[in-house]
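So that you can tell them apart, the chains are marked A, B and C in the order they are listed, and the count of residues begins at 1 in each.
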Amino acid sequence: MDFRWSEEQELLVQNLEELLHKEAPESLMAELDGKKEFPYKPWQALADHGILALGIPEEYGGVPADIQTLTLVCETLGEHALPLGIIYSLGIITIRDILQFGSEEIKREVLGGFVQGDPPVALGITEPQAGSDAAAMKTTATLDGEDVIFNGQKMYCTLSHQARYILLMTRDAQVENPYQGISMWLLPTDTPGLRFNYLNKVGWWTVPTYEVFIENVRMPRKNLVGGMNRGWQQLMANFEIERLALCAASLGAAKAAYQDAAAYANQRVQFGKPIGSYQAVQHMITDMAVHIENMQNYIYKVAWMMDQNLPVRYEHAMCKLYVARASFEVIDTAMQILGGLGYMMEHRVQRLWRDIRLMRIGGGSDEIMYNIAAPQLLKKASR
Amino acid sequence: MNIIVCLKITPDPEDLEVGRDGSISTERAEWTIGGFDLPALEAGVRLVEAHGGKVIVLCAGPAEINNSKIKKDILSRGADELYTIVDESLRHAGTARTAAVLAAAVQKLGEVDLVLSGEGSADLYFQQTGVQVGERLGWMTINAVSQIEVGANGALAIQRTLEQEIELLEAALPAAIAVTSDIHEPRLASMREILKAGRKPTFEWSLAELGVADLPETIDILKVEAPPRVARKQVMIEGSPEEAAKALLSHLRKEGVL
Amino acid sequence: MSDASQTLVYSEDENLLCELIGAAGAFHRPVAALVTSPSAEQRAAEAGANLVYRVEHIPAGTLSEDVLPTLAKLVHDSLFDVVLIGSTVRGRLVAGRLAARLNTTALTDVKSFTLESGSITIRHMIFGGGAERVERSLSPAVILTIGAGMFDAPPAQPGRKAETTPLEFVPPEKQAVLRERKALPPASVNLAVAKRVVCPGRGIAKQEDLAMVNDLARALGAEVACTRPLSEGLGWLPRERYIGISGANIKSDLYLGLGVSGQVQHTVGISGSRIVVAVNRDANAPIFEQVDYGIAADLYAVVPALIQALREH
């Protein structure tokens, strides 16, 4: 067992940290958050320095990278500029789906654009009545000669207005088993018939979310990604890595909050002593550090398993469940240590606190993670 | 155009530890590429990108410089080849001996048009080695260069930043140039370059291979210690911001500095 | 080093040349100056140089560094064993090239030096001011560079003459061609002479917040300086405003650091200030170990309170 990073990984993180220090400083991220703006410039900087190329094959302008390396990138982004980590993680699933199932033409177009700095492809899955029960979706795709016509509505479609494409999931009502009747399409966001309704949310202000209305949207059939009615299986193929990436970004955010809290505990003097000298605060600091260490170990292990092509049927769900809650707890405790200061809109910890809460809901809620893990655990025990 | 860039790998001055007795230790310091030297590498890489040729990096120092991560770091920033000259006697060498060693390496490499060095080393900042190398080679030698271009006649068009003026000079090759730290911002390496760095050639030379094993040392280091501290009053002012502000101003008036 | 030998001083900067003559006085031996102009010849004589070597027939378009072969020949022919050179950009080039020709090390930016039993021991800063190193030269000829303001020039003796020896200019084998010379835009500030200095550090969160710092500086009648990251990293303030090892050294009555942590690379530049004050949220910041007055509180609360209190007074 070797917990050391490779020299290449260390250099990558060093360079990325320097890049973020320059192109995505805390002052800029705070400003963009206040304006609720997508971080176009920092995102472009990531593209310009080849970060977005990682994990994409060389023939599409990419640079090979294993999952451990991608995880380190997400963690670093999360620590220095959490929204970039979130956006990057959201991109991982759609980009991988396209890479794995898209036609050559689609791959060249989408992957080439992503490497150059396009925002990630948005994922159109959730519908008003189909959230965790994604198979209950109703958006339809009707074939019409060489074309296909979409009708329906997507909910919580994050980045759909910024993205050039939505990876749209549609349901063929003719097929009885919903998991056998879902298809995946690459839908350009400038196609006539699409309407976007901005949704206000508690956090993720620089990662905007929309409700998308789809009315008689016509598109060539060749924009089908993968096989007809194979969409669900295709989607499931890359959920694990998205969850892992979100975990790594959350870990980074927790580290940032921990640093703020620990520094404050050392410098804030109350009743004549730094608050870090009080046992109550010392326990908080230690509990935070234990959580961070555990998150790190869990995430790196799952990443390693995936790199070894070992199955992660329930490990990824348990990891996500733990990290979503532990990172929230660390950041919440950081706010407690910072007191009134951490609750002020000027402090980054309030932003991390608002942003991190969604990790227990998005990318599969805590409850779904239990649903994935428990049956597998029990099955294993019954053997 | 073949360019040699001299880089000094040193203990990170940020990691300097000062003991209570004023002693200085770099034992736990991480070794890094000098921050004033990286702009020289960037200048060399840009010249080669524009005019062809290759960038060869030359580092001299004790065994700590044989650090494969630092080597990859250097090579990921655009250098084509790396030569290290490793000898324990270089740890505390005077600039005369370091310059003689580097000059011998430049001569052994041959077919070099330009030797670049940074403004000063990160640890000592004597701003001497680069110009001494140039003079030992008998080349055109200039310091404080803030811009380098290749003119139509093949000579260098150089901008030099002095205390109160800028000089535009023309200098024939071969030349040795020490650049300013703001000549270029050093580039960040992408993963593609980092991965490539591990496959680039590196070489190690001993002093004997360069024929400079027995150079006399010109300095004897007697002592390294923390600078004397100015005694200060160290009065900490408590209270609300308003109270503290008033108290401070009253102290400053008594001191007669307002 | 024999007592019969002399010390040679050279700087193209006439004020610094006089300071070098002052510094060379410590050897209690005759001091010779190498000069390239009548005004420098006069300044050197009035500062007490015993002998002046005046370089003649310098071709037009010659850079002052091109004096090197003439200097090297003089050192060689007249067996000078100590050469003091002014530590300017040009001086450092001349010193390095001369050192290479003499196969020795130039001891740079010397803070102090002593001559004991025939060998010279010097002290200078290393590690960005974090340490000082004491070195003894093992060379028969010693080259020292000395920065402006390190030693006092002797009081000028108007009308004093020195024995002058004309020297023929030795043309260099290789010469850069001067195409143009432009004055740098005048520095917006000379921190070295500022009476009061307000210095923001990394505790300032946003560039806009410098407005508050400027207000305080105006109320105090102070110049605004900064730490290196605010200038070279963030570019919020011009380079001439940063204090520290590769920046300015101040000799003010008052230094007020705002959100300055106190890294040695910075504090080496404030040690000449008479009173040092710091405001920093971090009660453990190293800056508080070297202040006269410290306030461990949020500068965003203290600075407006200071401005208010100054206005009320």
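Throughout what follows, contacts are C-beta pairs under 8 Å (C-beta built on N, C-alpha and C of every residue); 3 or more make two chains touch, one makes a residue touch a chain.
Keep in mind that this is a model prediction, so the values were computed, not measured.
Asks: So with touch defined the way it is at the top, what topology do the chains form here? Options are line, ring, star, complete, other.
Replies: Drawn as a graph, the chains make a fully connected set, so complete.
Asks: Compute the centre of every chain as the mean of its C-alpha atoms, then state which one is farthest from the centre of chain C.
Replies: A
Asks: Can you identify the chain nearest the overall CA centroid, using each chain's own CA centroid?
Replies: Of the chains present, the most centrally placed is B.
Asks: Please work out the Cα centroid separation of chain A and chain C, and write it as a whole number of Å.
Replies: 54
Asks: If you average the Cα atoms of chain B and of chain C to get two centres, how far apart are those centres in Å?
Replies: 20
Asks: From the mean C-alpha coordinate of chain A to that of chain B, what's the distance rounded to whole Å?
Replies: A distance of 41 Å separates the two centres.
Asks: Provide the list of chain C residues touching at least two other chains, using ranges where the numbers run on.
Replies: In chain C, the residues touching two or more other chains are 296.
Asks: Quick one: which bits of chain C touch chain B in the complex? Just the residue numbers, please.
Replies: 63, 88-90, 92-93, 95-97, 99-101, 103-109, 121, 125-139, 173-174, 176-184, 196, 220, 232, 239, 245-246, 253-254, 263-265, 268, 271, 274-277, 288-298, 301-302, 304-306, 308-310, 313
Asks: In the complex, go through chain A and note every residue touching chain C.
Replies: So the residues of chain A touching chain C come out as 26-27, 263, 266-267, 269, 274, 346.
Asks: Under the stated contact criterion, what part of chain C meets chain A in this complex?
Replies: 205-207, 281-285, 296
Asks: Would you mind writing out the residues of chain A in touch with chain B in their complex?
Replies: 7-8, 10-12, 14-15, 18-19, 49-51, 53-54, 63, 65, 69
Asks: Sort out for me which residues of chain B touch chain C in the complex.
Replies: Result: residues 13-14, 16, 18, 24, 94-97, 99-100, 122-128, 130-136, 138-144, 157-158, 160-172, 181-182, 216-227, 229-230, 232-237, 241-242, 244-246, 248-249, 251-252, 255-258 of chain B touch chain C.
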